[in-house]
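The data blocks that follow each hold one structure.
In what follows, chain A forms one complex with chain B and a second complex with chain C.
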Partner chain A sequence: MKEIVQRFCRKRMSVVAGVMLILIIAACAFAPLYVHVDPLKQNLFNTYARPSAEHLLGTDNLGRDILVRLLYGGRSSLAISFSGVLSGTAVGVILGVIAGYFGGIADTLISRLIDVLLAFPGLLLAIVVVAILGSGESNTVVAIAIFSIPTVARMVRGEVLKIRSADYIAVCKVMGESSARVIVRHVIPNAISQIIVNVTLQLGTAILTTSALSFLGLGVQPPAPEWGAMLSSARDVLRSYPLPAVVPGIAITLVVVCFSLVGDGLRDALDPRLKNA
Partner chain B sequence: MTSLLSVKNLKVYYPVKAANRLSSRVSWLKAVDDVSLEVAENETVGIVGESGCGKSTLGKAVVGLIKPTEGSIEFDGRSYAEMSTKERARNIQIIFQDPYSSLDPRMTVGESIEEPLAVIEGMSRAERRRRGLELMEEVGLRPDQYNRYPHEFSGGQRQRIGIARALATNPKIVVCDEAVSALDVSIQAQILNLIDDLQRRHHLSFVFISHNLSVVEHICDKVAVMYLGHIVEYGDVESIFENPQHPYTKALLEAIPQIKFDDVEPVRGLEGDVPSALDPPSGCCFHTRCPFATECCSAARPQTVQVGPSHWCACHLVTGDAAGEGTPV
Partner chain C sequence: MFKYVVKRFLQMLVMLFALSVIVFLMVRLIPGDPVTMMLGQGAGKEAIAAERARLGLDYPLPQQYVMWLTNVFHGDFGTSITTHKPVLTEIVRRYPLTIIIAVGSTALSAVVGIAFGIISSVYHGKLADNILMFVSLFAVSTPSFFLAILLLIIFSVTLKWFPSGGASSWVGLVLPIITLGMQEVGYITRITRSAMLDVLGEDYIRTSRARGVAEHVVICVHALKNAIIPVLTSIGLRFGSLLAGATLVETVFSLAGIGRLTVDAVAGRDYPLIQGCVLILAATFVIVNTVVDVLYTVADPRIEFDS
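Right after this comes the complex of A and B.
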């Protein structure tokens, strides 16, 4: 464990990205505790206000404070992405373990299902899900989850196939250890680092998808703040007053890049192939 | 000596799908074909042969990792079919070749060694820990290494951990599948001595699978020579090494590297490759490479005959002596 932290710290970019992510997530998550302005409060006499002491990042087309909306928007973007990716990963891990560990017909069925899901371009798949279920926060979570299932399941299946062929699994079988115990005690612990890396990398994609869905009006519905939705409502005045669009745009980019860098750093830190290098 | 483990007419065939997907014809890879073997208490039986001759498959069948296609394996007079997995696992354990793949990298040494105690015996944590430390001492590991992870150990030490785990439930028989092949020569000697030691202390029986004839000569009481899924010669280690009967055994023994400076004879060795186990030769499976093969060798499968007090051979050219002519094993 100490070794892993040390190796992670050697990658400066990943550390910076990690710190930044923690700050952004904390700022968004605890926003209601220290921001006492309603993100929905309109002031039609003060639209498109320049940044000032009162409104640090100015106001948008309905006179709402952009910074406050950014923080609250981050809350929903991040919450949707996290719950989507985590539930998708849970399902994906279960499917991947079943396919990889038991093989046979279960493997064939699950692998074909993964193929079908992967055949759709990611965002299109999410749009299809939302189109079927209807828009809204909880349906966006479902869309993100379904969107991340195939990648996780395929990765876990490959990992499990590798682990299953190791002699320590044969030793367990000699002892008559139950499959459930082998999976919980041996297979999952050996796959967990890959799963963690995958979750981190998926979170970046999930933020993008959440924002894209909201941008298209399929995710979080206005007036609720969300980064994609903020971009969408600001795009009409993009040429005359770009600030309301630029702010959420930068936020999305920053978070996605940070997740990606942290994922890379984690992968290098956890990769056993580099252990002796 | 009564036998503790007896393998009777064991056959392990693997189905192989035809290359042509449309035909449903399934051919069989005969990994182990009609093998019988007895292991007595406190005895080490070596199984030698080239890669792919079925020796590992035989070992895996003995520990129950592979279900035999035909034939039976009995432990202490009871067939595996009537024993529970736990009962079998308590008495028969295995040590694998690769000490890097046989230990879970995410488990501490203690956890690995104690796993059989938890799974098979259902012992409490405190009992397991006491027994675990006892086992570590027995195989020459220090108690302070209890909470270390496998990657902190060398190959030889890892193999000791594997041995400790195999001994956890006080088994009667331990199958060593190439247990020392992956180690340095000096470490091999240490592990072999440890195995010898443990045998003396616990009256263990070993099934020692190896392709290293010198190691087998050193550690085994009996040797079975396998070729293409058959046992071609079986007997006391002295009779096999001093007086080999089967042409294949002779060739194997000739191929052992010797340190000799005078009258160096070039090793004749065998020509050709091992035939495919998918389509084994007719008659005696060795006739395609046997320098002495005659017509009858390709026609009929040779009977196993007794050629010495405890020495059997399956070859048309070897006839049994007075001690037991033509006695099939």
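Right after this comes the complex of A and C.
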């Protein structure tokens, strides 16, 4: 463990990104504890206010504080992405383990399912899910989860196939360990570093997908603050006052860059063999 | 090899079949009665009964599927609920614009991305490499709708070089193509860089250099020839996602492409239109990927066919 931390800390960029990410997540997550302004509170006498001591990033078209909305919006974007990716990863790991460990019909069925999910290019899969379930926060989580299942399942399946043929797994079986025990004690721990790296990288993609869905009007619905939705509603006044659009855009980009750098750093730290792969 | 190509195309047909089943089931998966959902709560009993009969909802599912697929093969994707025009007409009208944007950004990103990738690999670990890696990291991390808005603010609102929306002439397509292409530039730079780095470490490159071949010939001819095949394959495999990714760009620049059509259909619960758009987009993706895959194996004789 100490070695892993040391290896991670050797990549300066990843450390900086990691610290920034923790600060951003904490700032958003604990926003209700220290921000005492309602993100939905309008003040039609104070629209498009320039940044000032009272409103650090100014106000939007309805006189709502942009910084407060940014923090609450981040809460929403991050919460959706985390719950989506984590639940998608859980399902993906289970499917991948079943396919890789047991093989046979289970493998064929699951592999075909992965293929079909991957046949919907990029954003289209998320759009299809929303088309079936409808828009809204919880359905966006489902869309993100389904979006992240195929990549995880395929990766875990590959890892399990590699591990399954290792000698020590054969030894465990000869010694009479049950399949469940072999999977939980030996197979998953071997794949865990890959899974962690994958979750980190997918969180970045999930932020992009969540905000894209909301931007298109298919995700979180206004007036609820969400980074993509904020950008979308700021489009109408782009000509006269671009700040409300630029602020959430920078936030999304920054968070995605950070997740990507942390993911790269984790990959190198957890598995030195994968360097530059 | 012929056997491989045939096998690959058979796999493609299976995929297309699976896709059609999913797209067919989409409407049946909607919670609640699909017809009421499609026609709205206020629809009369007779209208609902008529729509049920038209969709064949009273038949068993497999039979419904066969009916639906037969219609699709005859070019009948149903009628749009919102515009009352045949779905196929809508798609044919809006698809070409999206294809133009996707092809344009693929071409742009291929030229820029491969050039960046080569430069990055030649100056591996040096300043130029670090700068380009940083640029490509931001290129893939910036949401395309945000980049589109930034370009709009700079080039359309401030400098007034380009119109802010619509595709009345090719000028209106410049910013959308750049926006969609930028993200690709990031990916292709990375892929080209790592493919070039693999090749540049090989013995035959050292031999060429030892023989006194000029450095630019070693890089642009000897090395690139072997590195380019996986790069071109990745570019081809990403084309389908560009078609779907164009949705966001079309939204910002008010372009009437198929992506915007799909989103409007979802927002308006126009299920026949959603089915048509999703089926066409996913089918294009699957077909393009199969063709690219087959071309890849044809182009590189070292690849084994039995896997």
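Definition applied: the second predicted complex is superposed on the first by the 272 of 277 C-alpha atoms of A that agree within 3 Å, B and C clash if a C-alpha of one lies under 4 Å from a C-alpha of the other, contacts with A are read in each partner's own complex, and residues count from 1 in each chain.
Operating definition for what follows: contacts are C-beta pairs under 8 Å (C-beta built on N, C-alpha and C of every residue); 3 or more make two chains touch, one makes a residue touch a chain.
What you are looking at is a predicted structure, and each value in this text was computed from that prediction instead of being measured.
Participant: Put the two structures on top of each other at chain A: do chain B and chain C fit, or clash?
Facilitator: Taken together on chain A, chain C would fit alongside chain B, as the superposition shows.
Participant: Contacts for A:80 in the overlay, against chain B (first) and chain C (second): which applies, first, second, both or neither?
Facilitator: neither
Participant: Which partner does A:98 reach: the first (chain B), the second (chain C), both, or neither?
Facilitator: In the superposition, A:98 contacts neither chain B nor chain C.
Participant: Taking the superposition on A as described, I'd like to know which of chain B and chain C A:197 touches: first, second, both or neither.
Facilitator: neither
Participant: Looking only at contacts as defined up top, I'd like to know whether chain B or chain C touches more of chain A.
Facilitator: C
Participant: Check the residue A:261 against both partner chains and state whether it touches chain B (first), chain C (second), both, or neither.
Facilitator: A:261 contacts chain C only, not chain B.
Participant: Just checking: does A:189 make contact with chain B only, chain C only, both, or neither of them? Give me first, second, both or neither.
Facilitator: Once the two structures are laid over each other on A, A:189 reaches chain B alone.
Participant: For A:170, using the defined touch cut-off, is the partner it touches chain B, chain C, both, or neither? Pick first, second, both or neither.
Facilitator: A:170: touches chain B, not chain C.
Participant: Measure off the angle at the C-alpha centre of chain A toward the C-alpha centres of chain B and chain C in the combined model, and quote it in steps of 10°.
Facilitator: Roughly 90 degrees separate the directions to chain B and chain C.
Participant: Figure out whether A:181 sits in contact with chain B (first) or chain C (second), or with both, or with neither.
Facilitator: Once the two structures are laid over each other on A, A:181 reaches chain B alone.
Participant: Taking the superposed arrangement, what is the smallest distance in Å from a C-alpha atom of chain B to one of chain C?
Facilitator: 10
Participant: Can you list the residues of chain A that touch chain B in one structure and chain C in the other?
Facilitator: Dual-contact residues (chain A): none.
Participant: Any idea which chain C residues touch chain A in the complex?
Facilitator: The touching residues are 15, 18-19, 22, 26, 29-31, 137-138, 140-143, 145-146, 149-150, 152-153, 157, 194, 197, 240-241, 243-245, 247-248, 251-252, 262-263, 265-267, 271, 274, 278, 281-282, 285-286.
Participant: Could you list, by residue number, the parts of chain A that touch chain C in their complex?
Facilitator: 112, 115-116, 119-124, 127-128, 130-133, 204, 208, 211-212, 215-218, 228, 231-232, 235, 238-239, 242, 245-246, 249, 252-253, 256-257, 260-261, 276
Participant: For chain B, which residues are in contact with chain A within the complex?
Facilitator: Residues 60, 63-65, 84-86, 88-89, 92-94, 96-98, 101-107, 112, 115-116, 119-120, 151, 165 of chain B touch chain A in their complex.
Participant: In the complex, go through chain A and note every residue touching chain B.
Facilitator: For this pair, the touching residues of chain A are 166-168, 170-177, 181, 185-186, 189-190, 272, 275.
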